[in-house]
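Letters A, B, C and D mark the chains as written, and numbering starts fresh at 1 in each.
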């Protein structure tokens, strides 16, 4: 049992921290940011900076010239990147691309990798992951999926509607989950400029940190040749699991960084701002909130590190990543909410970055499994004895 | 002890409810709404509808042809109005005008009333209340006020900066708090089109429910003649209290309506949406949240009613309104946050009105005294024996 | 809508408060109190004092010379009685007798009333209510009842085991719930000194405020003649509901009194005890807890009053009493837990009465329906539209 | 960063677990346990068993033939010991002896060690730590100490009153904190059978897990020769810190074990007990509580491990141990409270060990610094920049 970080990792942490401070934070007020997310040109600029700093797509394999970070190293680097809402975009480790890269490295054919993965790793294109559906379709319960794939000659025809598809606008390709005639699910790869794909609209969203926002996609008889099936037919739900456990952990890492940022802003404010004869921070009512933040951040980090270690040991980490997802998403939410409160009137305005983080972070208690679904999953493992 | 509502009040409740359903909710998606708030023309349309329905400015006195609602009747009517974010605008009971009307009826000279109060009561003009300051100025602790009023001949010269001034853009006049040379404070009335007043900018804000948004105002040697002093010189802090206790209570009423709306949306969704083989609402993890909502709304309402009764009995209600402000602002926040959670992915998008309520309602834990200031005030009353 | 208490009720409140202060609190350290509860002789002394003060069994009808308090009046008087753990014993309004009296007044035959109800109302005997069962028997889900009643000539034979039976030791008679051959349930009355009844043991319990503690009862072929059936055959579950809604509300009233007592002790201590240069109460970390107590007590009281009013109007109050039970049981628990915390080391010792209240009050989140069962019941009413 | 436990440590964990299961748990219902704590003879029997198993006083140094566990190894072993309320007594790692041993190994002279430390390490005698005072004396704020030590020839005369002194009855010697004439504090060692020491009484306490209970001690002109000063004159507060940081961490370890025990009992019950047609555990309302327990236990453990590592690296761990104390004491409290709730009626009786743990564990949010004092200390470190 040892919490020491290697000198190499400490150095990488420091470099990332410096990069965020010097190259990313200065762009936070860049006007190329809108209610639906940053513009592509801003992303391009950020990616170029990370590329130059040698920090681009650091979790991808050495095959692509990347750092091939293990989960523990990701815990360190991604938290630093998350210190700015623009950091994950710069490093090309934002959702859904980060998780798609991970999945595609594991499952794609070489041809698929050259065609889609390599340019994505190089930060030249973006992707989206089309699973969630409106109405009575797939949400927390993916088995309710309505989108259908039907065999057509050598390939498949996909029809259905997806929504809440992050990054859909501007994505070059999509990973599409569809239900087969036998009730199983399959993942398909498709360029976005196909006639069978239509971006119906961008959704208004509470967050504004994802390039391409969140879209509604219609698939109408979209043709996907057999060569563009991702992995094997009928294993879609299994791959979704492969993607999910690490993907939800990297969300934890990035959001921890954001919450730390908000906390730092609140601490600085509480040190300086006077009320009733002394700095805010010397009021226990404020100081206790800052102390709770510190404890929440610390516990969140320890949970992330532990689950990262479990994954690095080759464990599936289903229980640990479920627990960590709930613990971290709820802890960072409390932290950011307290920061808003400490900042008072300013907290609910654009005067500091905290309001933006507040809006961006709320959805994390919902996506990649809402707290309720994870709690239920943890409970079932407990009851069946699967936790020990 | 009797919780019966009079037939007359039940009728007024029903009429208001119907008005909101028929005349206000259909305008909720009107395009004349922006990040800073609804446009004036939308407000004009809403006000016209309320005027026609006989519900305009119902808390103003019979002198102006209004309903002169007491606090308990306001509790009923304002909750109904709050059921739509546009309802308080329609009824002309939104902040800060609602509280300004109350204060001005109590304190203004007849001339001041004719000039400013009457057109405001008639919904023809709007006002703002300029108290809060940036930097090291007046916030939770109003004694830190930096804006200064200096005697100049028959009148006064005011200089200083205010921010978070709700409704500043488009307001016809302002009530301005300024510190006197002896450390006391005074309230001044001034038209907004004076050379000494400049709206520096609109602030980005989490909420978008106030016409005129929240602005930064500069006063530079603004001249205010003695006739435009509101009440007496040096009694500004006392008037602020007169304004605050009822004003914070009407906030509670309106926000209770909004939270009830969000709850109704969540209940309807949970009844219909299936997951894991049954409606969401039949999952205890969801059902318990809805039950907690119901309890929070109910307790909030009882607290509002009780404090309204205390005020109607002629009590100052300082303790009760502090307690009710904390209880209600925190209860409605929990309610709306749970609604977001129950709605899942939709909850963090514009697909329902809940996201808008979520953004609009957060600041209520801060303005009119943040929870921390009220808790401290309640504690001091307790310790000094002032609660019994 | 009116929160005024009548002069008569204020007088009764004052008299009860004085009685508790003068006649009951001085006996709180009487040595006749043990881990299982106070001795009968202490009860006799307390009852005699209440009788003399004209406060005995104040909720029973005028037929028995009692005050026939309605639910709102009970809310006032029972809270005052609850200010001492011994108060409800003195006034003969403790569980389970208080609820049994209510039920028996509604359902018993005249003969049954003369035999059992009258002496209980007069404070001369005690009763118990035998419903809950060990193992896989009736608990939160009463339909799982294992105790069986079988027809035998003119009467019935009852066999089964009950536990957590409050007041069993020393009770003169029992109301026994048993399942009939057709699956319905019936309530039976029986003296406790029958050969078919055996008190197996007293259970160790966290609380020590009930005379007679909590016992395990065995029924073995207990014979109950037809004349001793309580109400009609097969209506046991219905009568349990008749008993439960008001019974759980009177629990709320009494426990509110206890929590107020603990709060008063904590406030007094926080005013006096110094730490880090000032009284504890002037530390926000303590003051905020006291403020939260005040708010919790206030909200609890308003909920009780409202539900009492609903019952007084003839409403069943199922939803309201469920909500109030959850709200009050959780609020008073938070209050007492905070009091322990404020008292520090003393809070976990017998130096003040707070530790005793802490131990006594915990079970209230469980009996008369645990929070979870009520939340579920509230949720189902919500979903079926039964709340409006 | 590595969470692997060495094979050696895993073996020790397993041996301790087995020892608790086979040799300690069977004694949990031994009648030699009372409201004030277990009898000495029961302790002797437990200690003998641990001695035989080679697990006695495992944190003491090899000099005494002990295992000289480092903090991380203690985290493993003490959690296992804590799985039974009697476990820490058996292993001789209960408070206050465990912390006294640690302190005395660091500070005592060789002569003092032979006289007091060795027999304590061998489990033959017990000690107490006399710091806390009643009335306006030393509590959360130790500088308020009233007990005085005055120079008298070669030695000192101590007068004052201490309370909440754990293990006082039956202790062979005491470590006594007293204030010097210059305002500094000193620790003194004294046998308990001295004429100047009187055990006034045992206090009624919520917990019953400490041999010797909690006593009130009077010192009246107690003579302590210079040779029996613990460490240096005037360094009492510093030594208290030396003792406190690790002592509060070992409390965390032991209580984590207790909470895990309660959780295991609750899980087993929830798996078996049926209600409303399925096992309790399949109700989300119960399952979510079990999931929260699992998360709380996991986070608590990670925090303990991390702080243990900090201490093993030679860090003072002031911030970390403060944070861990708050996090763990509050987490285990939530866990045990939920277990009570899940167990329902049984949870508040002696039918399972959970009620005992519930009573024993409450005080941990208070002693070794109440949550409020730690939060304040964390906040001050934050504000002064001492956390990074």
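Definition applied: contacts are C-beta pairs under 8 Å (C-beta built on N, C-alpha and C of every residue); 3 or more make two chains touch, one makes a residue touch a chain.
Model, not experiment: these values are computed from the prediction.
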### Given chain A and chain B, the chains that contact each of them
C, D
### Task
Sort the other chains by how far their Cα centres are from that of chain C and give me the top one.
A
### Query
How far is the middle of chain B from the middle of chain D, if each middle is the mean of its Cα atoms, in Å?
52
### Task
Return the distance between the CA-based centres of chain B and chain C, expressed in whole Å.
42
#### Entry: Inter-chain centre distance, chain C versus chain D - centres from mean C-alpha coordinates, in Å
37
### Task
Quick one: which residues in chain C touch 2 or more of the other chains?
283-286, 288, 372, 375-376
### Summary
Seen from chain D, its contact residues with chain B in the complex are 283-285, 288
### Message
Under the stated contact criterion, what part of chain B meets chain C in this complex?
### Response
1-5, 72, 267, 270-271, 279, 281-282, 284, 286-288, 290-292, 294-295, 298-299, 302-303, 305-306, 308-310, 323, 326-327, 372, 374-376, 378-380, 382-383, 387
### Query
Along chain A, where are the residues that touch chain B in the complex?
35, 132, 136, 139-141, 144, 163-164, 203-207, 214, 273-276, 283, 285-286, 340-341, 344-345, 347-351, 355, 358-359, 362-363, 365-367, 370-372, 375-376
